[in-house]
Amino acid sequence: MGVLINKDTKVVVQGITGKEGSFHTKLMLEYGTKIVAGVTPGKGGMEVHGVPVYDSIKDAMKEHDIDASIIFVPAKFAYDAAMEAIYNELNPIVIITEGIPIWTTLKLVTEARKRGVNIIGPNCPGIIIPGEIKIGIMPGHTFKPGNVAVISRSGTLTYEISKLLSDNDLGQSVVIGIGGDPVKGLTIPEALKLLEQDPLTKKIVIIGEIGGVEEEKAAELIKNGEITKPVVAYIAGKHATLRTGVSFGHAGAIILGEMGRPESKIRAFNEAGVPVARLPIEVIDYLKQS
Amino acid sequence: MFLYEHEGKEIFQKYGIPIPPNGVAYSVEEALNIAKKIGYPVVIKPQILGGRRGKAGAIRFAENDDELINNAQELLSMDIRGEKVKRVLVEKKVNIAHEYYISFLMDFYERKPIVMFSTEGGIEIEEVARTKPEAISKRYIPLEYGMTSFIAMEMLNDVGIKGQEARKFIPIFINLWKAFSEGDLLLAEINPLVKTVEGEVIAVDARVMVDDNAEFRQKWIREFKERRGGKESLEYKAKEKGISLVVLEGDIGVIGNGAGLTMATVDLVKEFGGEPADFLDIGGGAGPERVFEAIKSIIQLPNIKVIIMNIFGGITRCDLVAKGILEALSKLDLKIPLVVRLTGTNEKEGRAILEKAGIKAYTDMIEAVKKAVELSKGGE
Amino acid sequence: MGVLINKDTKVVVQGITGKEGSFHTKLMLEYGTKIVAGVTPGKGGMEVHGVPVYDSIKDAMKEHDIDASIIFVPAKFAYDAAMEAIYNELNPIVIITEGIPIWTTLKLVTEARKRGVNIIGPNCPGIIIPGEIKIGIMPGHTFKPGNVAVISRSGTLTYEISKLLSDNDLGQSVVIGIGGDPVKGLTIPEALKLLEQDPLTKKIVIIGEIGGVEEEKAAELIKNGEITKPVVAYIAGKHATLRTGVSFGHAGAIILGEMGRPESKIRAFNEAGVPVARLPIEVIDYLKQS
Amino acid sequence: MFLYEHEGKEIFQKYGIPIPPNGVAYSVEEALNIAKKIGYPVVIKPQILGGRRGKAGAIRFAENDDELINNAQELLSMDIRGEKVKRVLVEKKVNIAHEYYISFLMDFYERKPIVMFSTEGGIEIEEVARTKPEAISKRYIPLEYGMTSFIAMEMLNDVGIKGQEARKFIPIFINLWKAFSEGDLLLAEINPLVKTVEGEVIAVDARVMVDDNAEFRQKWIREFKERRGGKESLEYKAKEKGISLVVLEGDIGVIGNGAGLTMATVDLVKEFGGEPADFLDIGGGAGPERVFEAIKSIIQLPNIKVIIMNIFGGITRCDLVAKGILEALSKLDLKIPLVVRLTGTNEKEGRAILEKAGIKAYTDMIEAVKKAVELSKGGE
């Protein structure tokens, strides 16, 4: 059981020999994630924290069952790494790498959809089912098992709000950091649909940001009745419309024309009956009320 | 990153899209030289990143040296919606027969490139969409095959442009698509695209946005950045250090780790009545150097009164952040208060380091932000 | 009724204002083909032999029902023209143009298959149902209605053998000139499968050539029992293996390695029980015997 | 069109595939100069379009000037399976540690590009396929995305090449794919691909076939053709006139319209005991000029005794063909008999034209071919 992954999901780490890849492999192993293999082209035969390294996923699959992948390779090589995971139909593929050009992500996501594979990210903290499995880079101790699902476009803000949840006895069924890039794999609406089906999830928190239309599309689903579970939202960047056309760290915060302004998102959520927290702590209040 | 009109036109020219003869001037003298070279009448346009220059009365014409000098002088001392005009584009005036609109942009949600063409150029496309939607033709471009001339022809036919007349526009579609798709652009807009009295089709404006992340394969992005000066350069230098900085107009310096958390901090500052001076994200996994560089950047901002640093350690380790803070305090002449909120990975170690140096760190971000706002208003 | 087309098929001529396009439009109209529109980008508004010309297929389709296309544009522009027909899902698309680079055809055929559209050609004489409709450039008077189907990789050789058939009271249910290029739309095996289903076809003639493996694959189908109708074959270029690696007019006659040698084709047909005529006239004898 | 080894290597070099230092020599003197420049030891290889030079004993080595002169002299006077050697490639000898094989080719039937790699190079791949199939890795390349380094790595892993060793080969896969897909190639084969004792990976041979139809977008094809001389040039000149000509070795000149019909004519000539001197297809819709040029080309062949012209008018009109024949008869000094078979579109008009000039045309192609064979053997 679980959304996209569960405690038995077997994971390959692409870019395992790099600094980030190696460090987080250790943390994921400590969290209990079944990391069965690593891949770094040219480093086949090595070991990282006891995990055997291969040159290619195909070579790793000769020795191991592999379900999912997490990618740490630098942006320049991310296309090839992700394409390799897609071709081998790993699912989900969590892309941690930041700085991947949008045209590259576009091609990756298009191919992944053709093959029915889920990409989480890029430029995301990954996915965690507290107490079971972590395919990502979030600080594990911040999360507690429970029945509130969190979908977030932000990294640290996810930890901030998840910590508030944990501190207030609101454990999490799953936390999905879908990433801050404007073009990405799993989107808020798609994640909502998965969570609606998840028996372990009772309530949902959406952590949105300025830019894009995911929040508006999500509100539409809720308004239509496709999502029936209670939803609470927080939108970061409410006061960031000061200068349009400037990247706010995440390219996701780019405001193209009128779309994606925070007022538009807040209005859409309100019309769908979703309370939007002004301060992070208000998320807790709204959840308790719902 | 948005490009200046003249930068966008450089790209257009590289891809074979006709533009009027022009030149960029940083002074009245330069403007005069360009005008003499290309010949009157000319248009003088301030080069700014915001739009709506026309509405601001900032597009000028000159038939002779006197008019040019007057207008260039005026424009070069202008400030348009907070953006100081440092350079103008002096461009040969074309004989407009009709104004059209064309753009390629990325539909992030549908994950597809889109092309729009309209027979109503020179005004904002949103207005055309509202008042005369039938004058706009819009299509998604299939990624595998890109823009083809038959799609262009279909779109032209749909807005009533046919036969030989239609053929004139096709190279613009094809070449603008090439610029868009090969150049890692996210927006490539020509408004107006002008048909001249002589029958040529010319790009008279250029609004182009490029994906900064593509710098590793689009070498020109760096060149453009290096050519630019002024306000951007602080942000540019920060980026070189792995720091994402956007300068705003207030007096409270905001530093955070992660874009979402930093944005939330900016929001909270406003929420509690303060004015953020910037948005600065030190990024994931920052070490002491990046923290030091962040503080160093912020204290260079003109009106800065206080700094709020909001850190939630994940990949980022609180002890390393604390070390960076100490380094800044010892090496920089910090004349303003620094409010620190520190929690997450290695929190204990981080607090210990700061306490030794007599710095109290908050755990709760609301409290920390409130304190910073208070300090910015002269409180203690 | 009919294979791929029938007398009611409505046809657009792409490249109608060119010399070849215009000439054959006239001949096709005389044969009774329903040419409802022509397309030449930039020539919208003209008329050719009474057929209205449009800038684009889409524009033509605003005024007319269109089922199929025949393409006469020069090789340099054939990609765009064929892609336009494919996008508008015309079916079949007959590409007369010769000299299209193989990499271009590859892309066209790949896209056509994705959309479930049949391409006949390129570099082919087209398709004719004698007495009903001709979407092609073959001399109409050479053909007679009947129940022998002809599939051919050659142009003039098709006329030669069809004339022999007609002169010997063996009329044709359909004649498909699939074209001489090594990469093409409809292949001999695919055509065979269509003809097996065609109630008007009783016997089938295959006119093959050296090069490629279509004949071998066709023989396989026959041997498997997937094709039950009697088949007679003729292979051109039996003595053309003298110098490998030289293009014999049709790039289809390129002999790459061991594949595609005439002996291999003749052997395969013989093993499938298909008689292979040594002289064109023997096709008649074998048909009469079958 | 197949390329000579040295032409193929030019393309490889353009795409960043390492090749040994080399030069093409048309004479012993040139060969000597090249050898002096690149230094001994060298390999001397005749440049011919057919394969199997090794088996013909035509690959030579030289350690010094004397050996070079002897071998170059011998090779430049050789005739390998009917192909005269006009030039040799003089190339630095590499220190072979191991020989591999790689090729990209087009699978026409599956309509997909395919890549093959083998650890057994230097011998024919068909032989490896027979004797040691596990040493070959083979993959279709997805058209939308092309060759990627992970596919290369998978293939290398599959034949037992791993780690840092495998990485050395990846640029060859990527660059050879680029050459193949951007250059409209149908075959790009390196056999052997050599790993040197020094650890470099180098293309020691090149077998490349390009699609002639792509000449309009691959300008180098024309350049290569123009640089070539000799036997090809007659075929090349014919192609310029829209005529497809392949020179064979017999004495009966064959002219037809359409490749299939022309091939069938060649077949019939052989069937009835004759020897075709060529394959000449005047193409579809030929007018008098092309017919004239066709006859003009054929009479330049060395052993020609008779011409059989087989025309089935479709798009081609018999009357225009007849006019071309008359023109040839009047302007060319035709010392050999011309047998004409003429049927199809405008047959009556065509026959009438020929009859006026006293030429009888056959209707049946068998009869015509039989007559031509008879004439070639000295019959009347």
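Which chain is which? They are A, B, C and D, in the order written, and residues in each are numbered from 1.
As a convention for this text, a residue touches a chain if its C-beta (ideal position, glycine included) is under 8 Å from a C-beta of that chain, and two chains touch if they have at least 3 such contacts.
Keep in mind the model is a prediction, meaning the values are calculated, not measured.
Peer 1: Could you let me know which interface, C-D or A-D, is made of more C-beta pairs in contact?
Peer 2: Pair with more contacting C-beta pairs, A-D versus C-D: C-D.
Peer 1: Go ahead and note the Å separation of the Cα centroids belonging to chain A and chain C.
Peer 2: Centres of chain A and chain C (C-alpha means) sit 52 Å apart.
Peer 1: Where the CA atoms of chain A average out and where those of chain D average out, how many Å apart are those spots?
Peer 2: Spacing between the chain centres: roughly 55 Å.
Peer 1: Roughly how far is chain C from chain D, centre to centre by C-alpha average, rounded to an integer in Å?
Peer 2: Centres of chain C and chain D (C-alpha means) sit 27 Å apart.
Peer 1: Would you mind listing the residues of chain B that make contact with two or more other chains?
Peer 2: 144
Peer 1: Taking each residue of chain C in turn, which ones touch at least two of the other chains?
Peer 2: 107
Peer 1: Could you draw the chains as nodes, link the ones that touch, and say if you get a line, ring, star, complete or other?
Peer 2: Graph shape, chains as nodes and touching pairs as edges: a ring.
Peer 1: Which stretch or stretches of chain B touch chain A in the complex?
Peer 2: Contact set of chain B toward chain A: 1-2, 49-50, 105-106, 108-109, 111-113, 126, 143, 181, 184, 186-187, 209, 211-214, 216-217, 244, 246, 248-249, 256-264, 266-271, 276, 279, 281, 283-285, 312-316, 343-345, 365-366.
Peer 1: Please give the residue numbers of chain A that touch chain B in the complex, ascending.
Peer 2: It comes out as residues 20, 24, 75-76, 98-103, 106-107, 109-110, 125, 137-139, 142, 152-160, 163, 180, 182-183, 187, 207, 209-210, 212-214, 217, 234, 236-240, 242-254, 256-258, 278-281.
Peer 1: Considering only the defined contacts, which chain D positions touch chain A in the complex?
Peer 2: So the residues of chain D touching chain A come out as 144-145, 148-151, 153-154, 156-158, 162-164, 166-167, 170.
Peer 1: Report the residues of chain C in contact with chain B in the complex, numbered from low to high.
Peer 2: 41-45, 54-59, 80-81, 83-84, 87, 107, 111
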